[in-house]
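Please read the structure below before turning to the comments.
Letters A, B and C mark the chains as written, and numbering starts fresh at 1 in each.
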Amino acid sequence: MRALDKLWHALDERFELEPIVEFVTHKVVPRHRHSWAYYFGGLTLFFFLVQVATGILLLLYYRPTAEAAFESVQFIVTRVPFGWLVRSVHSWSANLMILSAFAHMFSVYFMGSYAKPRELTWWTGFALLGLAMGFGFSGYLLPWNTLSYFATRVGTDMVSKVPFAGAWLLKFLRGGNEVTGATLTRFFGFHVAVLPMLTTLLLGVHLALIQRQGMHVPVSLEEEAKKRKPIRFVPNFMLREGVVWLLGLAALAALAAFFPWELGTKADPFASAPAGIKPEWYFLFVFETLKLLPAHLFGIEGELLGLGAFAAGGLVWFLVPVLDRGRPGGGRGRTFFVLGWLVLAYIVGFTFASFAGVFK
Amino acid sequence: MRCSLAVATLAIGLAAAARAAAPAAPAAPVRAAADSCLSCHATLKDERLRKPAELATSDIHHAQGITCAGCHGGDPAATDSSAAMDPRKGFVGVFAPRAIPEMCGSCHSNAAYMLRYAPNIPTDQLSQYRTSKHGLALAKGATDVAVCSSCHGAHGVRPPSDARSPVYPTRVVETCARCHADVALMNRYGIKGNEVEEYKKSVHYAALMEKNDLSAPTCKSCHGAHGATPPGVDSVANVCGTCHVSQLEKFDQSPHKDAFAALQQPACEACHSNHAIGQPQDSWIGVADKQVCGACHSAGDAGATAATAISGALASTVAAEASVGARVARVKRAGMLMDAADVKLEDAHQAYIMATVEIHTAIPARVEKQTATALADTSAADKDAAAAEKEIRYRRTGLFVSLVVIAIAMVTLAFKVRSMER
Amino acid sequence: MRAADETPAVSRRIALNWLLGTSLGATLVAALYPVFRFVIPPRVAEAPVNRVLAGKLSQLPDNSGKIFRFGSKPGILIRTPTGKVRAFSAVCTHLGCTVQYRPDLQHIWCACHNGQYDLQGKNISGPPPRPLEAYKVDITGDDVYVTKGA
């Protein structure tokens, strides 16, 4: 014990750690009937950490070439001890991370936490969700199986609709005119270098902002939060978050056990596309909407119009902290509150309808 | 000038002499310095007369230095048309059909002559032709039968190995069809005229046109080219057996061999038909409607019993291959290593293919020997799949145990938090 | 009185702590054990993609052949009567049976329909429509390696 004290003293003397300890021990999380929403950010972080760990493990054996990618994933799941588990957990954790990020985003949205002074936190969070989807999109191709190959072909094809820069963007994404081994190498680069770097950077900013500004309490819950004793961050909130993380771990174990991620069959670029090509579930609402649009609408290509609408919608969502002027008596605007529910209902509705086969 | 003209005249004189003496003493190739046939005919307005001159430049004979006069006679050195096409100089304008085989044969049957140009092509075409249905009809005075030029072309003859030749494997069927698809013409000779149409439904035609397998049989592979004649009842098997060696060998061991011979039935054709030879199906075996054995056998006789046994053995193998194959594919998709099972399935399929060859013996025991091997292989693959499924269940159990551990940790932690906050 | 009250509470707390420590430790082990196993490479240290050890030269006398495997797909390694080593796909181009070397014919032969290929893998007799796919052979000491698509 005395040795530890000494070490602490030595470190504190050099780096002035006392204020940090002071900050952490006094950090509290407000307690009210919607406190549960505060756990989603941490849960997303947990899944991200699982992704980093399992991703690094997969890197030990994965090979990013058209000739060897499928074989190396096959090698991982069939021959490497517990390779099936690592791969399955990586795939499931990716999906749960996106799910938990969505839950985090909507809970933040409905509590109006994006408003001043937390605009930047909202924006970095928005960008992080975009990056997470980028991780999903690029990682989906890496096993180089039939489904992922064709889903990537359809997915990348959409960027070609972008006015002016479409052709260039398509070439940039695919590393050529077609989805080939060059695309795989590129996506691998995005997946393990570009996106992790950007994510780490933005995540750092996002977390630092939260530490700096503390948890937001919605106006309607301020009374309640004042009355009730806040939760101390260390150790109470951390332990509570620990319970949630264990729940996340349990979910991963259960999913890996009962729904092991399939290997599929090796992609054959010359084969015709199999029926029922679908992207990952978090792109389904976009995918199905674009499919529903007529070929031409108001003299514009339907798909282009749809993509334009999604871009505009995304921009509105992004700019909510600026657009929502709030209510005179405090609190967030009703319009945006209703809009939030509409967006949530639309996304959830379309995703479930797609799974239920409504659009077939 | 005069000198060269003299040399040319001399050369042509020699050539003419040689032609007159052919095939006894064929001449060396003659390259005429000036060929008035070509230069004059190329300018003619009448297409019928101009075309031969145009086609001649792509003709194998022309390329080898055999001029128009080589076949038509006359004097290519003469500038005056009546002198050039003087019948006294051996000129023939349009050959009568009967004259064509003899004219071509005057060189092509001469082994010593052909040796100088194409040492590897046979020289028996004319003698084969004389035995062919075409040649026999021609000898009887028919003029609407095929002669050399009907298939090879008259002017612009290309070697059969040239993909543009009308007798190149992928084009020869259409060439035969020019006459053989003409029902009115064929009926005059007691032929149905639907043979080419039928052939186009066959696996052979599919192999030729879709897989571009130039070794796939065309009309001439079974009927002969120059000696074109339908193979007789007793020689059908030999014709098919030139490629389908194993099937013929098995057929020869079967009780059908003698029975078919006694009944004057063609061997292969009885079940496989002649022109429209389709992909054989296991479902053909039996005595029911649209099954081939029913032509001779009826329910209850020894043949029908054997057919039932054979088709049963094949059906059980096909079913086993399909179900085990699906099971193996399922566990493979789930991420299990199934190489060993794949190998066994391949072995099983090979045994099945061997069984389909053994069908030709018509002996159930011979077929069953192969299908038993196939079934042993599929059941071995099935065992592998079962083991893999067991491994999947084992993993599931392991994960379930850790799930319980995680749940306990979670619950105790929750209790801990509660007790701390009380 | 107080002591009597506290004892069950204390012992319950001790039990809770013990259970917590044990279950968290077990969770950690459950999470880390697969990781430790994962980083140790399996016996076959590489995904077999397009190169395999097909056989030993010393076990391949002149005028003989040997089947090897690329995953589950068979290949055939032959040594010609003059001692040359060649490798081909052993999948017959007709119906996909596995071909074999026939020392008596000095050819590659398919048992299913009597298809024959010469020592260069070219189809020379019977129904096979195409030659066998040829592989590249590298000999290192006594080891014969076969490379696909070269």
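The rule is simple: a contact is a pair of C-beta atoms (placed from the backbone, for glycine too) under 8 Å apart; a residue touches a chain by one contact, two chains touch by 3 or more.
What you are looking at is a predicted structure, and each value in this text was computed from that prediction instead of being measured.
Among the pairs A-B and A-C, the greater number of C-beta contacts is found at A-B. Averaging Cα atoms per chain gives one point for each, and the point farthest from that of chain A is the centre of B.
Relative to the centroid of every protein C-alpha atom shown, the closest chain centre, again from C-alpha atoms, is found for C. The distance from the centre of chain B to the centre of chain C, with each centre set as the mean of the Cα atoms, comes to 39 Å. Between chain A and chain B, the centres computed from C-alpha atoms are 60 Å apart. Our note on geometry: chain A versus chain C, Cα centroid distance of 37 Å, whole angstroms. Shared contact sites, meaning residues of chain A that touch two or more other chains, fall at 74, 79, 85, 246, 249. Touching of two or more other chains is recorded for residues 27 of chain C. With touch defined as above, residues shared between interfaces to two or more other chains in chain B number as follows: 402, 406, 409, 413, 416. For chain B in complex with chain A, the residues that touch the partner chain are 332-337, 392, 395-396, 399-400, 402-403, 406-407, 409-410, 413-414, 416-417, 420-421.
Interface residues of chain C, counted against chain A in their complex, comprise 27, 31, 34-35, 37-42, 44, 46-50.
Against chain C, the residues of chain A that register as touching in their complex are 53, 57, 60-61, 63, 67-68, 71-72, 74-75, 79-83, 85-86, 246, 249.
Those residues of chain C lying in contact with chain B across their complex are 13, 16-17, 19-20, 23-24, 26-27, 30, 69, 71-72, 74, 95-98, 111-114, 123, 126-127, 129-130.
Of all residues in chain A, those touching chain B in their complex are 74, 77-79, 84-85, 87, 235-236, 239-240, 242-243, 246-247, 249-250, 253-254, 256-258, 260-265.
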